[in-house]
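Next up: the structures, one after another.
Both complexes shown next keep chain A, but they swap its partner, so chain B is in the first and chain C is in the second.
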Partner chain A sequence: MKKQSLLMKFYLIVVFLLMYLPIFYLILFAFNRGDYMTSFTGFSLRHFATMFADTRLMGILLNTFIIALLSSLVATLVGTFGALGIYLLKRRNLQNVFLGLNNILMVSPDVIIGASFLILFTMAGLALGFGSVLIAHIAFSIPIVVLLVLPKLNEMDSALIRAAQDLGARPYQVLSYVILPYIWTGIMAGFFMTITYSLDDFAVTFFVTGNGFTTLSVEIYARARQGIDLSINALSALMFLVSLVLVIIYYFIANHKQKGSGKHKRATVNQQLGGGVQ
Partner chain B sequence: MTQPIIEFRNVVKKYDDHVVLNGVDLEIDAGKFYTLLGPSGSGKTTILRLISGFLDASSGDILFDGKRINDVPAEKRQVNTVFQNYALFPSMNVYENVAFGMTLRGVAPAQIKTKVTEMLELVKLKGFEEREIDELSGGQQQRVAIARALANDPKVLLLDEPLSALDYKLRKEMQYELRAIQQRLGITFIFVTHDQEEALAMSDWIFVINDGEVVQNGDPIDIYDEPINHFVADFIGEANIIPGTMVADNLVHFNGQDFKNVDGGMRPNEPVEVVIRPEDVDIVSVEAGAVTVRIDTVSFRGDYFEITASDMDHHEWQIQSTNGVEEGSRVGVTFDPEDIHIMRLNETEEDFDARLEAYDEE
Partner chain C sequence: MKSKQSIPYMVPYVLWIVLFVILPLLLMLIQSLQDIHQQWTLANYANFFRSGTYLKMTFNSIFYAFLVTVITLSISYPMAYGLSRVKNSQFWLLLVILPTWVNLLLKAYAFIGLLSQTGTVNQFLGFIGIGPQQLLFTDTSFILVASYIELPFMILPIFNSLVEVNPSLPNAARDLGATPWQTLRRVIFPLTLGGVRAGVQAVFIPTLSLFMLTRLIGGNRVITLGTAIEEHFLITQNWGMGSTIGIILVVAMGITMYVTRDRKKRGKR
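And now, the complex of A and B:
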């Protein structure tokens, strides 16, 4: 038994090392004093300085974050109401049809989605740039939100809705007082999840960025092709850190259920929601 | 005669071809404790939801205070519901839950506070205002749910099997309390349950529902003592049901013997079913008994023994006795003429009531 668990641990360590080694290797050289990834000659932050001094890069960074935030906001809004719509459909098979359509978007290759958006925008005569990237990001983010919000809705006791109506709540009051507080963790999880998806999306973005507009992942790709510049490593390190923070936030939101809320203290919205219904 | 607060006139509810309620007529008077009693799937919860407005009747009229309310949405009806699993809002604390209905109506905060305090006192949860729902036990959640529904000042309170999730002792306690609350407030309660004991203990009036129809309605004693048919006799408590024939008024033949009884108004030699409650059967010596039986099983129930026995015709007898007997022994059983209740086969409730009335007048 013990031997087996040792083997399992060893296996896990190897797998995670294999997955994270390239990233840590990349990040390590962000702190290299030298200009190449061939040898680590000493610790230095100069590549970070170069990166921050690069106004074009900083502009792209800003664009990337604006796109991520805006697309996540819109997608969260649309996705939440989409999930509500699917939830409120009375016919079970119709629900499955919509959920299926939603899931197809989740699993279909980014390249396909990107290419189809390119065709769509070209046909519609829409100039490629900020707008097209934003629309594309919103589009691929919505299914993620639906997928995270819908389970919360299904988990909710439908008697809660009846109870609210019974006490005199109109439909919008049922939504704002009962349903939204209940699915709030799902909505927030969806929001943060879509931010991470938007931040690091390359394939879809690559198709729909025009000449003047670009996001970080596309820029990194372009620069990496041109040659080795360790400020890209610095940038990657920064992105990795941001993603890590977002994942941690997401993790805490999603796992609040397991954490007991403190006794007798006025709990936060999240904690109350984490309690679930009896 | 006062106007009933709720009236159903030939109400039918069906989903596609599946009939859930098959022409229900009922009248609910203000200020009484009613119970809709029936097995699961009988349609009792459907009746409740038609009253609260969560379901629409397929046909028929539902009247509230004499006005048709079929088309009035749930949030505008003067009824409130206590749900089976309480349905308390997990994102709100006890105070906010109880205050919810008033908050929606825009009642002044000071007034809300007074009412919430009053309601929590009523359900014995004073001082629980700031508690979160997930910190409460099942029984406490139940009380909050009752307080929340009553805080809306409903004319009728609907209770959808609210005690089914509680343990036996707590359930008993809540039965007394619910009854006390109802009498104190004078509000009409309509209580749905499949638990006949609960129904008998709490109600002023019981509607026995089966297969989407009101099978019998009456006060608990009538329903228990004068069940209309096999279903009611069997569903309400334990019963020995024996086929027999009504030889003449006050004389019934079963188990190969004639017995005196107190029923009548039937055709001579009409086939009937005879009901004798287990607690009305007395165990005596073989010589003194009306029927000789062999004791099959004896099980101790704390305050009484539950005994099953079989007679020479292989009818099974259920007997409740305060004294134990030996398994396998032969004893006599006896019962008084008034313990014998006769049920006609396929008698409607109307005919049943008419016959009882006609017979009582004689």
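And now, the complex of A and C:
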């Protein structure tokens, strides 16, 4: 028994090493003095200097964060009220219809979302660029918020609402003094989760971005196709730090109650689908 | 609050469902049923099923996705099992999740450096005397990198289902004289099938549609359904055919979800 657990520990360590090696490799070469990702010739910060001096890249970085923040804000608003609406529907099967529709975008492959949005925007005559990317990001973020807020609503004791009503609270008072404080952690988790989705997204953006506008993922794709450029490594070191901060924030919020839910929408949808409608 | 009051809340959300869930898919279906002059036709589908290249591509795509699923599953189950048993498993789980927060493109980019002709792996192979080899732009490199990227998505649901197993059940099995292996195979594994199914869904469907990996790592040698869609939409501008492949992908997704659905009736509530 003892020997087996030792073997298990060894296995865990090996898999963890494999998972992290490529990431640390990427970050390590950000500090390389040379220009290639092949041999480490000495420590230098010059690739960071190049990156920060690259105004185009910095502009793209700014765009990416603006899109992420704006889309999460709107998606959180719409998604929270959507979740409230679903929660307040008293007919179980109607709830399930909405949840089913909600989950379509969660399980659809990114290419399908991207391609179908491209058709939609073209038919609507919308110019591809900042606007189309923003709308697309809002659209794929909404179901994530719904899936994170709805469980909070479901675990709330409905007697709280009735009590508030009996005590004379108006609907908007019930909402702002009873419901919103209760589901606040879910809303914040949804907000941060959608930020990371938006920052990460490549496929959907790639389809609807057009020529003039670029986000980080699309830019990395374009540069990676041309070969190795160590300022990309510097950028990845920076982004890793950002992710780390977001992970910590997200876990502070989510770990209030829920434990270890996955970040990615696939992981989230798994859990939600696994849990079913409560 | 009564049901009626939920209506104003729902307006933007319902609008979203109509405009961005139902309408795009409908438009894609319509697009697939039309030729370039907007005439109704089944030609795209006929073309898809008659031409050997599309069918071969679909088969290849499914085969690669299957391989990636099998590889990630065989690495993930022991991993999840081990993780569910160590102390501070929530912390270790966080370490599994963290790589999924690293931008996908950056991970692919790391592998370009690792696997290139003069890359680190080839330097190592040269050092032990069997290199350099062509590693990048091969089928193997595509499978390797796709498995790497999908691994956490397989570990998470299996881990979650392992944690939910009532510990008294494996204990009972052990008391009744089952060996650890028997306990695992006869008791724990069947109880965690739900997690395995969820993991298969989470890995198989996205792998069918990965497209940037096929370009960056697979060097266009591997064509998945996703690559074909991207090509028809953004390069050859044949939206009708692209939509057709899209609809095929949606159907493939539906079949996958149906096959891996949870068969037992939920006794919840």
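The definition used in the following text is that the second predicted complex is superposed on the first by the 255 of 278 C-alpha atoms of A that agree within 3 Å, B and C clash if a C-alpha of one lies under 4 Å from a C-alpha of the other, contacts with A are read in each partner's own complex, and residues count from 1 in each chain.
By our rule, a contact is a pair of C-beta atoms (placed from the backbone, for glycine too) under 8 Å apart; a residue touches a chain by one contact, two chains touch by 3 or more.
Source: prediction; values computed, not measured.
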Should A:R92 be classified as contacting the first partner (chain B), the second (chain C), both, or neither?
neither
Touch check for A:F240: first (chain B), second (chain C), both, or neither?
second
Chain B versus chain C as contact partner of A:R56, first or second or both or neither
neither
Is A:R170 in contact with chain B, with chain C, with both, or with neither (first, second, both, neither)?
first
Larger residue footprint on chain A, choosing between chain B and chain C, goes to C
Is A:I142 contacted by the first partner chain B, the second partner chain C, both or neither?
second
Contacts of A:Y182 with chain B and chain C, given as first, second, both or neither
first
Once chain A of both complexes is superposed, is A:M8 in touch with chain B (first), chain C (second), both, or neither?
second
Please identify the positions on chain A that touch both chain B and chain C, taking each partner from its own complex.
165, 263-264, 266-267, 273, 276, 278
Quick one: which bits of chain A touch chain B in the complex? Just the residue numbers, please.
157, 159-160, 162-170, 173, 177-178, 181-182, 184, 261, 263-264, 266-267, 269, 272-273, 275-278
Chain A - residues contacting chain C, complex
1, 4-5, 8-9, 11-12, 15-16, 18-20, 22-23, 25-26, 29, 36-39, 77-79, 81-82, 84-91, 98, 101-102, 104-105, 107-113, 115-120, 123, 139, 142, 146, 161, 165, 171, 174, 196, 199-200, 202-203, 206-207, 216-217, 220-221, 224-225, 227-228, 232, 235-236, 239-240, 243-244, 246-247, 251, 259-260, 262-264, 266-267, 270-271, 273-274, 276, 278
Chain B residues touching chain A - in the complex, by the definition given at the top:
52, 54, 73-76, 79-81, 83-93, 100-101, 104-105, 130-135, 138, 141, 148-149, 152
For chain C, which residues count as touching chain A in their complex?
1-3, 5-7, 9-10, 12-14, 16-17, 19-25, 27-28, 31, 75, 78-79, 81-83, 85-86, 90, 92-114, 116, 118-120, 123, 148, 151-153, 156-157, 159-161, 180, 194-195, 198-199, 201-202, 205-206, 208-209, 211-212, 215-216, 225-226, 229-230, 233-234, 239, 242-243, 246, 249-250, 253, 257, 266, 268-269
